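Remarks on the structure that follows.
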Amino acid sequence: MKVNQISIKKDMKVSELMEEFKGSGVLGAGRVARASNLLVNMINDPDMDIFMSMAGPLVPGGLRYIVGDLIRNKRIKVLITSGANITHDLLESFGGRHYRDLGFNDEELNDAGIGRISDVYTQSEDFEVFESEIIKIFETISKKIDNDKDNGIISIQRLLKEVGSLIEDENSILRLAYENDVSIFAPGLIDSMFGLQLWMFTQDHKLVVDAVGDMHYLSDLVFESDKIGAIMLGGGLPKHYTLASNLLKGGIDSGLQITMDRPETGSLSGAPLEEAKSWSKAKHGSNLVTVVGDATALFPLIYAAALDKID
Amino acid sequence: MKVNQISIKKDMKVSELMEEFKGSGVLGAGRVARASNLLVNMINDPDMDIFMSMAGPLVPGGLRYIVGDLIRNKRIKVLITSGANITHDLLESFGGRHYRDLGFNDEELNDAGIGRISDVYTQSEDFEVFESEIIKIFETISKKIDNDKDNGIISIQRLLKEVGSLIEDENSILRLAYENDVSIFAPGLIDSMFGLQLWMFTQDHKLVVDAVGDMHYLSDLVFESDKIGAIMLGGGLPKHYTLASNLLKGGIDSGLQITMDRPETGSLSGAPLEEAKSWSKAKHGSNLVTVVGDATALFPLIYAAALDKID
Amino acid sequence: MKVNQISIKKDMKVSELMEEFKGSGVLGAGRVARASNLLVNMINDPDMDIFMSMAGPLVPGGLRYIVGDLIRNKRIKVLITSGANITHDLLESFGGRHYRDLGFNDEELNDAGIGRISDVYTQSEDFEVFESEIIKIFETISKKIDNDKDNGIISIQRLLKEVGSLIEDENSILRLAYENDVSIFAPGLIDSMFGLQLWMFTQDHKLVVDAVGDMHYLSDLVFESDKIGAIMLGGGLPKHYTLASNLLKGGIDSGLQITMDRPETGSLSGAPLEEAKSWSKAKHGSNLVTVVGDATALFPLIYAAALDKID
Amino acid sequence: MKVNQISIKKDMKVSELMEEFKGSGVLGAGRVARASNLLVNMINDPDMDIFMSMAGPLVPGGLRYIVGDLIRNKRIKVLITSGANITHDLLESFGGRHYRDLGFNDEELNDAGIGRISDVYTQSEDFEVFESEIIKIFETISKKIDNDKDNGIISIQRLLKEVGSLIEDENSILRLAYENDVSIFAPGLIDSMFGLQLWMFTQDHKLVVDAVGDMHYLSDLVFESDKIGAIMLGGGLPKHYTLASNLLKGGIDSGLQITMDRPETGSLSGAPLEEAKSWSKAKHGSNLVTVVGDATALFPLIYAAALDKID
């Protein structure tokens, strides 16, 4: 098959540019086009449920509305992410913001109460509001749970659902997930500012977060899907959990990942998706696409192009 | 200061090569030399406790004895790692092995019951033994815990300590940690074959693993140390947890990381350690070294050279 | 300054997506937006001439028309590239093509006469046509030069201009450069299939390619420009030559690079553009943007968005 | 085959550490061990000639003596490198040095006359000495050449040999190459400070550097070798030229490369060596090893370990 040269023009639509990438079909442009095409197919397939994982600072890094859009339109069924992304989603819901152009001298930033994530910045005042608000939410949940049959024990997914139900922010990922029956899993939740507040709260409240408690429900979600497609933004625990949750049913049917990590160290974060086949985490013959690059630019590009083809 | 050219010779000792790297002091060789020097200083400092994080397939990838050596010599106080490394440590303790040179066709590997991690391979028979053995251990622990005051609730660190006490393998990281009073934390434990078996076990046994339960103890460990140095092999949850656990006390005093991930995406895995200062996870003026490369080659090199200078 | 979350919509234009990236302003999306904005400013500035470097397989990889478009619209004044990109431009002009989806077994590909560049393929028949055609062109040039005052000595830029004048292909980069008075430099020309044929031709023809001969003319081009902006796709010799050619006048005024190489090894290919300031290859206060990623996807994205803002 | 865990000990020799890497055989340690083993086999094979390429700042970065050692012991037959490494070799021969720990503010460095290559620094005084000395050498060579049959035309390899003959520094790569009949090729020579001075010199002296002139001699070197092994440090033009020079004879017989560049962009710098087979630049069945990492640390490690096994 021949490689077509890419043509561009004035007033070009994102989906037109993606068609050009598809016509080329090679190197980075080819990967991006295959990912966008696969995303269209996954969303348009009525028998396919989509699990999405998100690692790295994608909420602080600008993808909060895009994830929200996927949830609002019920295009994903499951979101697996880090405690950090949940923290930053809530931080914005409580009125905080993320900032930029504040410099790179980390000692000076620390003195000014500014935490840095590459070129994204947070302010300690916003975290103070986060802390006081999340404690109130924990209190509400704690009281509710206490009267449960579970005797004060709650799973992470259930906890996040309860939090979502108490957030008043139409752009909140947690709120949108609650409203649209999308399940959020965060197996490493404790390792975050959210987790830190949770720990402090449990010091003098009866609330036990069950680390294992979500597996049964997640397993049910996997088994009730005819087919599963996975969108994996970044690697880490969220990517591993997404793939591993599909192990019992023989693996995902389709998968796309965007990662900047290398495969050679053996870490799953940079591993080719094909490797998942050996572990029965991706099916034989499954459609798997790896895009190498930064998800904050490439996922909006891929999804915006896909929008023009989604039924 | 001048850059000396590196000289090598026959029968050279690793520590002599490292001296040459120190004399050069620039690019990759300079980073490696600074890391080795810092490791010597961290270990030789009687007031410094060392926290070590390990992400990626470092136990399957050949670092099991080296981590064991650090524990046996009480050079580290805390080990923070993934469920996968714990699984693979136990897999070897139960008689399993890791393999190589088995090819890269993942569908064929899957058909043959072989799981691939880059160029490291595992066999399903070994996992079957792992499953039957770990279940027995869970049964023992479950009975022990059931009679506890905690009413069947156990933290991850406590669970791993109990597992370590029941392993009969002098090379086991879990066993050595148990014997030498080194605490192992694995906040993402559930996301592993160990976690999968744990879930299945809890389906019909009373055992609740408390996701938040380790924070108090970990916090105590941080506060009882005069100074803390961190060795971070790979990124991910283990690196984040290591740094975050030091937040409440103003950050680590020294840190070295070996990572192949890039900083530009904003993920912590590739972030420069200086960024931790902005979050009070590393102290102002702390000694921080980043080595870019593969830990399976570079950490043995760094540690072997350090051995000749450790008191 | 606050980070805005990125919003996407159906029928979105590339330039609208870029506005969203600009509103975010951080991580990869922020880099891409700054690059696109800088490209607009460079092109719209009547006092700025643009030097473009291109390393890596960007002609086989789909950017031939886009480079052609920049030349046709006289948006660049100088193109600095590798012998390989020149070879592949001519290969298409002589009727050859680039191919895809031919597999990754290099011994089988070799047996089938197929050369592989990652996932781009070439066929030996196309190279055979290239060889017979380029020899004819060398013959024509040789005869023309022989009667010159230069006694059979020609510089690389002059040679490429003569080649361009003899190509009948409206999409040829060499032809377009000839027609639009854009100068092409290729200091490493000899290291390519073009160079190989050139060598063979010189075995029995009087034609000497002067390695140093372009410097005077390139220096004139630098000095006759009020300001110089540089677009650097990939690193290597073309990037170095672009920056070094500006050394004598104190450096470039603006620069954007797209590269996937890392800075830590010290190679210029992955070096931050700021480093060029220390060498007087970029001016103090110059506007410099580095995008980390694959140019075959990102440069069309950046340029397509810029088109809507170019005067 | 089983993966052995790596053991280290006090007073360990580099070659003992390498044996441990060989016993592991996987991930980065496995790659390093295979590279060292291949280097031993290449050097010990009496029928194999070694071509070495060197890109990136490896002379400023500490590998000058190691390359010198390879030449002095006649372990390599050909060195292919950049004009920059030749410039920095001469800069040290003329009494200049490379420096470190001078900071990263490039505008301040420029004001102080300091050029930065990552964390390696040069001083303008040293370049001034370089300039005055190299001009004297050009004058000597120009006079010698002028009386030649070649009428003032010289190839790059011949020029570098003449320079080497005039250098009084027992550690100079150029001098050692001259003394030991090792041929140095630098097809991109012009793109360097050496090239800049060469150009200035040719402005008012009769000296033409023939860009194509080395191909015949290089081809002879390839054809007179029974077998060819390649050591490729970094990518770029030197790697391409090394592989391409072997095209006419069907490709190299063995090859090892150390690179930090990624394969996905299609640039040769990060390409797997297997790709060379498709182009007849590496033989079917050739032994090819890629090490991912920084050559300033890894090549001394690999070569020092090899020394204990070289006949």
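For reference, chains read A, B, C and D in written order, and residue numbers begin at 1 within each chain.
FYI, contacts are C-beta pairs under 8 Å (C-beta built on N, C-alpha and C of every residue); 3 or more make two chains touch, one makes a residue touch a chain.
Worth saying up front: this structure is predicted, and the values here are computed from it rather than measured.
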item: C-alpha-based rotation, subunit A on subunit D, 0 to 180 degrees, nearest 5; value: 180
item: Same or different residue numbers at the subunit A/subunit B copy interface, by half rule; value: same
item: Of all other chains, the one whose Cα centre sits farthest from subunit A; value: D
item: Length of the line joining the C-alpha centres of subunit A and subunit D, rounded to whole Å; value: 45
item: Computed distance of Cα centres, subunit D from subunit C, in Å; value: 26
item: Computed distance of Cα centres, subunit C from subunit A, in Å; value: 37
item: Residues of subunit D touching at least two other chains; value: 26-28, 31, 57, 60-61, 118-120, 260, 262, 264-266, 292, 294-296
item: Of subunit B, residues touching subunit A in the complex; value: 55-57, 60-61, 84, 106-107, 109-110, 114-120, 153, 156, 187-192, 195-196, 198-199, 202-203, 208-213, 215-216, 234-237, 240-241, 244, 247, 260-271, 274-280, 284-285, 294-296
item: Residues of subunit A touching subunit C in the complex; value: 1-15, 17, 20-21, 24-32, 57, 60-66, 69, 97-101, 118-120, 171, 260, 292-298, 300-301, 303-304, 307-308
item: Sites on subunit B touched by subunit C in the complex; value: 26-28, 31, 262, 264-266, 292
